[in-house]
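Note sheet for the following structure.
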Amino acid sequence: MLSVTSDIPTDLPWGQLLVNGLALGSLYALTAFGIVLIYKTTKVITFAQGETAMFSTFVAFTLLTVFQLPFTVAFILTLAFAGVFGALIERVVLRHISTTTVLNPVIVTVGLSLILLGTAGWIWGYEIRTFPAPVAGPPLRFATIVVSQLNALTFLVTLVLMTVLFAFFRFSPTGIAMRAVAENRTAAQLMGISIGRMNALGWGMGTAMGAVTGMLIAPLNYLDPSMMGDVALKAFAAAVVGGLTSLPGAVVGGLLLGIIDSVVGFEVPELRNTIAFVLIVLVLVVRPSGLLGKHEIKKV
Amino acid sequence: MQRLSRMQDRTVRRVALAVPLVVALLAVSCGSATPAATAAPATAAATTTAKPIVPGVTDTEVVVGSWGPQDGPAGAYGTIDRTLDAYFKMINDQGGINGRKIRFIYENDSYQPAKTVAAVKKLVEEDKVFALCGGLGTAHNAAVMDYLVANNVPHVWPATGTTALAVPLKKNIYAVQLNYTTEATLATQYALDTMGSKQIAVFYQNDAFGKEGLDAVQAELKKRNLPAATGVSYETADTNFSAQALKLQTSGADTVILYAVPKPGGSIIAEMGKIGYAPKLLSSSVINDPSIFQLAGPAINGMLIEAYLPPFDDTSNPKIVEYQAFMAKYAPKEQIGGFTEAGYTYGQVFIEALKRAGKELTREGFMTNLDQMQNFTGSLVPSLSYSPTDHAGVKAAYFQAAKDGKFVTVTGFITLK
Amino acid sequence: MKVRWLRTRGRAMVPYGVGLAVVVVLPALLDVVPGIAPGYILYLVSLALIYAIVAIGLGLLIGHTGQISLGHAGFFAIGAYASALLTLRLGLPFVAALLVAGALTATIGFLLGLPALRLSGPYLAVATLGFGLAIPQLVVWQGSWTGGSSGLHGLPLASLPLGAFTIVFRTDQDYYYLAAAVLVVLTIFARNVVASHTGRAFVAIRDSEIAARAMGVDLVRYKTTAFALSALYAGIAGSLYAHLLHGISPEDFTVLLSVDFLTMIVLGGLGSVGGALAGALMLTFLQNALTRLPVVHDFKNLYIVVLGAILILTIAFLPRGLAGIVRSSRLRWAARVRDGASRVDQIIELGDGGVPQ
Amino acid sequence: MARPLLAVNEVEAYYGRVCALHSVSLQVGEGSVVALLGENGAGKTTTLRVNSGLLRPTRGSVEFDGKRIDGSTPDRLVRAGIVQVPEGRQIFADLTVRENLLLGGYARRQIGSTRPEQSRVFDYFPRLGERLRQRAGTLSGGEQQMLAIGRALMARPRLLLLDEPSLGLAPLLVKEIFRVISEIRAAGTTVLLVEQNAHMALSIADHAYVLETGRVILGDRSTALRQREEVRRAYLGH
């Protein structure tokens, strides 16, 4: 039992802490992807990412338990639901919001998250439920380090999604069009790109991404309306530290926060958030647009 | 318009400055001169007139209040008030108590103390409740404790086990739940004497509840001149507990005592299982809900759980059969478990006190009868006693073991040594 | 910062007079309304007035200077804890504790304003959000003297020594007058700041930092001033809050409270001191009003949904909040009186500066 | 003139509450180059924006190929064949030259490969072909203008709206750009050109209109306009 400490000269089990941090960090990174995706296309920084993910996960839960669908089918249906749901949010709510100040989208998405929280609580209640894990089985062991299969899967999904999204933005016409919209809306319109459709697509993709995240987090953190609260805050911070428009930035930010959480959580669990945010402020003071973000030129 | 007003006399400015301050201060001093204005009349009348006007009591009705979170991260506790509501409905269906129906008003405070204070003020001053039953939360009870004492509103079974409510004695507050200090001391004694534990670690919620548990464990160890236990804490907002599991493992403890609510409790057990750390586990009654089996997974097998209410699924117990029938009829949507069991029991104790207080219902009479309650066996609590000097309620607990998705009773009721 | 004490005068004083009269007679009015409990309503009003103080301060920061903060619950907490600890542990009189709490939060606000010099938009939002999260954590961490998560309880009654007398704030009504008096003073102060050179510098920064700098506005000075001032309001309000509840715990100061503050100023109307006040009152009474609806028996968390809907609808349909309605209807009325309704639009356009008076 | 490809009829347009076009009417014949002249703020760019769908007119109508198009969105108009090269280039600086060109053909990507258009663009501007992988933001001003025009051509427009193509360019480059514009017209694309450089504009335009404070004050064949005293004084510097 004590082998972990006796093998390592310092009193910290660094290997395991790092692995735990990476696992936790990939959850943050995954959630941050959705935020980055939506910000990239619509320039709206969403505070509702956690709640849309939670809501989608509840939908998945209903499909699994009430309709008794197999996991894969429920997974795909949930993705479809989330995509449509996100697009609807854009079309019904955000399209009618003036984005002349940063504050407007912030307030509106906060409002949205409150509505989703309340509605989910009303429909499904606040009891804590378990959500089936997509993988089960004994944890993987590397010397003294243990990795659960779910953590390994999450990490893998993060890397795969990052690669897929990276390729999407680099090579597909739609992805390039989304980047164009992000850079210059007027010019993009003059290319025949429909801004409305791109915005809806950005929200749809971001929300679907959130659904994936939710379904990976729920087996670990359980399912209840507030399941994403802490994760979403950290993901938000991860997205900002990474630079808001950069997918690799979100991964770097997420993993960084995960490792901080893991190490600080081991030493002084009371100060998890405090230390994380002190570091964030330091990072931002040195690089005001995040680690991998481009400096946005302020318009006069 | 602006330019015009700028030419107005300067004195207006001075007056405008002086008026609000003077008026406000005057008003304040007047306010203090008549301190009896707000809360006093009802109670004053109650003690002097022949036929007393008791708040919340008519010939046909008695108003009872409660508060608790019905949303947010602590929203799962909302079940307690909803079960109480269902229980009072059942009593009303059976004709009420002494000719009076119960009107139960429970407020949602979202687990925020400022809202608790507002809720309690509304219940006491506007709804004029006769008594409170099952108000939830440690910080939340602390926020309204002085107010309830000052207004002499009986509060039966605050839903928290903090010792502060019973010690020192508050005349109108009847703690029922086994308090956290007694509970943790019992657990420590059992671990050391019966389970043969050599080194203990405590996983606790970093608040009054968890700290009280940790302190009691440390106190018992100190009394026996044993080394202190390693405390590993978590915050209520935390969702991931891998770091804490690792810390418990590196502490080298052979026994881990849990002072955690179901979600983190289940999660830490699962996380310890994942890293192959299998100490003896002992948990506070707070975790006692069937959901824990799902939350914790197979690693929970063998864990001992302290309890002061009988197992909610033990159908050989006639009281439990009755309880399950009630749940099926009046609260079919609620999940049977520790929370609903608690709500049901609060109701039983409250109704018993109401019955004993008789037709001429007054707060004083109600409390006098509670003070005289001796070895009451009519509730799920096997035996409950109060005295004018002791409102601590339950003092005995037993241990259950988790086995294949069920709790199996392993000891009888134990009291402190 | 030099601020002339009172700039509003003449006919513009009328709403103040009316408002003041309402403040003074409210408790008497409540006493004669049947079916409500004055003490309870006055507690809620006091709470709303205290929140309004925070909202006014936050309005100076967000509405006038354009600097977002999602962490004002942090300042509120610092004020509350400073005041509670000073009265409880050091036995300082209430007034002294209130002033020290205000000064302390102002200093911390100034310090937080320094990194804010480099950050804007979402980046600033995250930094301030982190601040708001960190404060309750630090309180719990330093539990030995802050009371940890159990909080601090049994605070002494607030009192105000006046020469030979000492006014002690015992009842809800007393406390209401105390909160109202502080609010009146701070409202007047805020309106004066807004109308002063400092206020114009704030607005210049909000409208364009680059242009403001070109005009010779010292960004370092005015941004940190805005943060310090805003924190001062939150700190004083925190002190009042601790004494209203006679106790505090970290549960009081969640991120949700910061969101509430934000909602208040958005609902009231950004850049309007009166709007912040109205927003705070509305929001505090909203949940209470909603609990009275019969539907709430089955849907106890309805207020969250309504709150969310209000946020969205306000931004969509009332971008200038409650203050916008008042302002435009006043201008409409004035225009009709003067020279017919045709010039209304133009007048509203001119009134867009965001600087009340 | 046969039925014009584009007909703008008594169009009025506002920016917020400011009236930018009072009543503008003009016609562009198929296969011609038409120039819009006028001082800053006269309403030239606004006229283009109305035609490309970026600005919705409050009164009047715009017809393209005989169909009403006012009120349509830019993306639909691009598909219909109207493509605007905006003032100040507005290329996507973060994207590569290849990606910029690809976006030019975005509206047509369903129809088929844009390869023929791409080779046509490289014929006009060989330099773009050499810089395909480069980020557009790193190009010189002239190259960026070439990219902006090339990007627009990728959509195979029937009507090309050019806004100040010579702005900020060295005289040699201006010449080259105008050479390409006449080649584009020669290949059958109609061009509506906004230009400060009246000399150059009138030298290639068949027809020109002069705008002043949101109104068309003159409209005639270029050769005729060049002779008019007021035009010579105001725009040609004689």
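A, B, C and D label the chains in the order they appear, each numbered from 1.
Everything that follows uses one rule, which is that contacts are C-beta pairs under 8 Å (C-beta built on N, C-alpha and C of every residue); 3 or more make two chains touch, one makes a residue touch a chain.
This is a predicted model, so every value here is computed, not measured.
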Based on which chains touch which, give the shortest step count from subunit B to subunit D. 2
Outermost chain relative to subunit D, judged by CA means, is B
Taking contacts as defined above, which has more of them, A-C or A-D? A-C
From the C-alpha centre of subunit B to that of subunit C, how far is it in Å? 33
Approximately how many whole Å separate the CA-defined centres of subunit A and subunit D? 43
When centres are defined as mean Cα positions, the distance from subunit A to subunit B in whole Å is 36
Using the touch rule from the top of the page, what residues of subunit A touch 2 or more other chains? 117-118, 121, 270, 272
Mark out which residues of subunit C touch at least two other chains, giving numbers and ranges. 137, 140, 301, 304
Which residues does subunit D have that touch at least 2 chains other than itself? none
In the complex, subunit B touches subunit C at residues 1-2, 4-6, 8, 12-14, 16-17, 19-21, 23-25, 27-29, 31-32, 35, 37-39, 70-71, 75, 78, 107-108, 111-115, 117-118, 121-122, 124-126, 138-140, 142-143, 145-146, 206-208, 211, 235
Given the complex with subunit A, which residues does subunit B contribute to the contact? 70-73, 75-76, 78-79, 206, 232-235, 237-240, 242-244, 246-247, 249-250, 252, 262-263, 266-267, 274-277, 291, 294-295, 335
Given the complex with subunit A, which residues does subunit C contribute to the contact? 62, 66, 68, 115, 118-123, 125-127, 129-131, 133-134, 137-138, 140-141, 208-211, 255, 259, 262-263, 266, 270, 299, 301-305, 307-312, 314-316, 319
For the complex, which residues does subunit A have touching subunit D? 173, 176-177, 179-180, 183-184, 186-195, 294
Per the touch rule above, subunit D residues touching subunit A in the complex are 52-54, 73-75, 78-79, 83-86, 90-95, 99, 102-104, 106-109, 151-152, 155
